[in-house]
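Two complexes are shown next, each including chain A; its partner changes from chain B in the first to chain C in the second.
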Partner chain A sequence: MTSNANPQPSASPVAIDGLTRRFRRKTALDGVSLKVPRGFVYGLVGENGAGKTTLIKHLLGLLKPQAGSVQVFGLDPIAAPEQTLGRIGYLSENRDMPNWMRVRELMLYTKAFYPAWDDAYAEHLRATFDLDPGAKIRTLSRGQRAQAGLLAALGHRPDLLILDEPSSGLDPIVRRDILAAIIRTVADEGRTVLFSSHLLDEVERVADHVAMIHTGRLVMQGPLDDIKQGHLRVTLRFPEPQRTPPDLPGALFWEGAGTEWATVCNGQAAALKEAAAQRGAEVLEEATPSLEEIFIARAKAGPARVREA
Partner chain B sequence: MRIHVSPNDGKPIYRQIVSQVKYLVAARRLRPGDELPPIRTLAEQLLINPNTVARAYRELEIAGMLTKRQGAGTYVADAGSPLADSERERILTERIDALLAEANQLDFPLERVIAFVRKRHADFTAPEEDNHDEQR
Partner chain C sequence: MRPVLTLIWEQWRQNRWVFLRMCLLAGMLLAWIWLDRLNPLTAASEGTYTVIIKFFMLMASMVFAGLAFTWKEGRNSLQFRVPPRVLALPVRTPALATTLFFAKFLPVAAFVGLFALVAGRVALDDATALWKGIDDFHVDIMLTPTGVAMAAAAFLAIAWCPPGLRILAILLVFPALRWAPDVTRSASVYIYAVSVLLGAYIVALMGVCADRSGRWAHLYAGWAALGGGRKRPFRSPAHAQAWYETKTRTGHLPWAFLALFILFHASIMASWDGKDELISWMEDTSIMSTAGVAAVATVVLGLLIVAADCRDHVSGLSTFALTRPLATRRLARARLTAGSFSLLRTYLLALLICTCAVGAAFLITRDGHSLRHFLRELQEPPMLAMLILFIPAVSWSSLWLSAPLVATLAPPTAFLMFRILEHLNLAEYLLGALVPWALVTVLLTATAFTLAARRHLLTRRAVIPLLMAWLAGSALFVTCFWGVGFLNRRYLVSEETIVAVFTPIFALIALLPFATVPLSLHWFRHR
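Presenting the complex of A and B:
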């Protein structure tokens, strides 16, 4: 059950098709389909409660799809847990770890689960994070806990590293460690990272691909560059003050007051600018919006308007 | 090599790297034959995806600013000067645009701006010649 024995070596690390999950009345995931390509960093973004963790739990075989399918390296993680989990490294926001163990014991304990565990690499990580091998997990700071969790997730050099909100609630120095670990992992030929975050500047730094989940639905996904280039932030000055946000084609979300309004628009910037010109508006500024601005614009525009992009 | 990137810059991160390397070459802070950090090193330093750094280096290579030596890293190209020239022009144009916008705002006609530039230039060059004398 080592990584070499995989029956479908060419399969996508993650392939989700039409995944739906309800908890009582609440729909946590609604027909989500996505594919994580091998060798890339895939960022899953969305507000708290958007469905990111629910999606990740399906990848780990902790939840069974109510509709649709989930495949990890071409296999069903529930039917073939050893072949899938053995190739995954996972760190959750809660960083659940046996509190009574010492760091040294945690390493030995985790090693027992993974035939591919690399002692030298794990020791290198421990030294990099400056974790005392004799310290009990209980006594570690938040940041050290995250580092210990990362060590446990990376020690077997997983083909797929899954991080669920890895840097939430951490100070900037530990966040750097986590981002650096993502970078180092993916710089190793062929390894894949899937991480969820609501810190969009972080996602923008390290992700190649981004999927955006909003209230259980996938509102946007694709290469980060395409997403960025598919949007434009335009600042306009109108000859007369506008009481309400101007209604122009392609505009997802407006900010402004009086004569000056800024919008993030989808790909059809030409149509928007033409319509603006007809109203006598002057373009003050055009810029590529940040992922955060795109996310806010998409979330506020709502799924109805988002579909067409 | 000092490079800063920000996701909120309004420019894709790889473009930020491209223009900053061009700037460093134009400003002679990177000289022909200087070695650039390996992709992984720069990616970890800037905390960005290695593919982004690779893409920036590739663009700079295509533009003739950088050369790859087989298995031995990435270097500032010897033939970087003509492109560095156009880059220097571009940097200056940005400053001139800002100056003209300011002048317009403050109601200075172009002739006065040019006269000012000449005067400042004269002020600048005079002490510089003194320096040369001192060095001799």
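Presenting the complex of A and C:
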């Protein structure tokens, strides 16, 4: 693990290589490697307990890798917490903030740590979120707490914004109009956003790159468009009713019953269609799957499951 | 019936860890006493053990009651707001209040009962006559039920009422003081305890009614809006972090305790009928009302923080604090700075309370009899040991990881100091108890310092000023405290003994956090 204390401006915001973490007998992360490119919005998706928060905690230096390495801006976040955390804005999943603090105090307190704190921008955000500066954190609603956390994370215009389930507790309007706009603004300014979510439609709307984690393993990563183009949803009609999911090459996950079956395939569409044709099946529909469909297919790939119609 | 049972189960789940830890602490103390009794050369009298147990039980029950009666979220502010999910249970308000009250009180009573049962066997000679022993024990430890009831009532009064009405609630809880029947001492105390419990129950009922009806919700909102908080920017990140640590770890609890005990003391003074019976009356409630006020206040405060840390499991190390862009040694420095100021503040608080108590007694009796009595009380060995040893322990307990360490070391240390002061023949104690204990402490301290230094968590610039601040504070306190003894021309032990015995122990306890805090922060920041 590198322990160079000098910041490397040109280094990738996040570079993880073979990261493994176990909590007693449970493997939370298993050989995860990923690289977050600068200036993009990177979505980390996975079901609850997949290991998203554990991965984020490694980026913040709150967990020590048991195997592999983690670098943030080319630095080891454990060896150089001051340098790495100084360039990160972080919103935790449980909106962990001191209940006794007032919104104004939170702004003043956070400002003290970041020389680049932008008063005007912070005040603009506070007004946008309609947060009372004299209100204590404990009196805020869940959504307002998330907004206060966002305010503290964004006020110093961080090079890397890490948001752990940012949508949790936010109403749909704030989620769609404000959060998405903020994330896009940050990325448009050349800064990087890494956010985790299990709301795949939201990730699909905002992210440029996506990484999927399933039971601690990275099952897929890359630019969102490439991922979507690399998958195909195909609906087939077989001449005879199928009792079990058909065994065709490239199919990740089957849904259906009887003669009609739908599958998401991982880029081997031609091979799948050829194999289907050999079994007398006709293609009813071909479409680009949504991120959610891809995620479900990837997560459930392996032992195919059938959902009774 | 099911919602009620659910509620009782939930309350037990909330308090079980504190209960078990309290039992563990009590077990350690009793084990210490039992071991001490095995040695005929050093064994103390029954009275000595009983006094130690009395102090422990009083403090532990108050701490436990404080924790039991405040909801988890309201540790620092001592808030008790019944959560909406509890208020929404299909149970009538009186039934809800009664269930909550007794579900919270029963673990405290169970702890006290269990401890009394075991302590009666361990500390009394007539171990076979269990019930007689327990009865003697109860008669001797008259303050136990009072302490529990007091704790329950006091915390309820503070926690269950809207802020603007808390003073009224406290006054409602204490009317029994004015009509305490002049019968036998034990009966008087028991009746008093029951009266206070009744008062506390009324407050609990009022609190639940208020929360359910939402009638006083505006008072909470108005109170929260008062003050407006800090408006000036911070000078530096270190300044901001020290402010955060101070506010997070200690908050306004010391002042709440100060106000509570001054009020209590004032109520005792107000209940005095003008005859010269004040002293005997005060002897009945001596620890609460006279010289013990400071000690109890500080010990309860510290143990409350320690026990709350144990309950919360987060130990003050939230993700919010750990993700500050500061090196670990600077985070540790901020925490130590806050702890140093907390120590000084606690010393000053203790001095202030003692001064107030002495001054008030002098003003009332005029003849100086009460003043002399207070001075004598101040110099009683247990009080002395508690004041000197517990105050730094309490202050440092606001520093994480030092807390369990200090809490673990404090009871045997207090016991040891008590014994040393009681028997002026120090040689065997120095050899048998002090030296091994001091060696263990030295070893722990040295190991912690070495580890912290190896990890570059300690800097001379950070440690030396804090050490100086602590030493200055300690010197100030010791000077003031012993000054009282010199003025009174009554010396408990020689000056050489004080220097030889107190200084190393006193210094060693205080040194530990300087090494353990950076280490613990480092460990928990990068797990």
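Some points to look at:
Simple rule for what comes next: the second predicted complex is superposed on the first by the 285 of 309 C-alpha atoms of A that agree within 3 Å, B and C clash if a C-alpha of one lies under 4 Å from a C-alpha of the other, contacts with A are read in each partner's own complex, and residues count from 1 in each chain.
What we mean here is this: contacts are C-beta pairs under 8 Å (C-beta built on N, C-alpha and C of every residue); 3 or more make two chains touch, one makes a residue touch a chain.
This one's a predicted model, so the numbers in the text were calculated from it and none came from an experiment.
After superposition onto chain A, partners chain B and chain C are found to sit side by side with no clash. In the superposed model, A:279 makes contact with neither chain B nor chain C. In the superposition on chain A, A:288 contacts chain B only, with no contact to chain C.
Within the superposed three-chain arrangement, the count of touched residues of chain A is higher for C, of the candidates chain B and chain C. When the two structures are aligned on the shared chain, A:139 is found in touch with chain C, with no touch to chain B. Looking at the shared chain after the overlay, A:97 reaches chain C, while chain B stays out of its contact range.
Once the two complexes are laid over each other on the shared chain, residue contacts for A:61 go to chain C alone; chain B is not touched.
Once the two structures are overlaid on chain A, chain A sits at the apex of an angle of 140° toward chain B and chain C, using CA centres and rounding to a multiple of 10. Shared-chain residue A:112: touches chain C; no touch with chain B.
Chain B and chain C never share a C-alpha pair closer than 28 Å once the two structures are laid over each other.
Once both structures are placed on chain A, no chain A residue is touched by chain B and, in the other complex, by chain C. Interface residues of chain A facing chain C in the complex, by the touch rule stated above, are 60-64, 78, 81-82, 84-86, 88, 90, 92, 96-102, 104-105, 108-109, 111-114, 134-136, 138-139. Taken together, the chain B residues at the contact with chain A in this complex read 5, 7-8, 10-13, 39-40, 43-44, 46-51. Put simply, chain C touches chain A in their complex at residues 73, 76-77, 221, 224-225, 228-234, 236-237, 239-240, 243-244, 247-248, 251, 318-320, 322-328, 330, 525-527. Residues 40-41, 176, 179-180, 183-184, 186-187, 200-201, 204-208, 225, 228-229, 233, 287-292 of chain A are the ones touching chain B in the complex.
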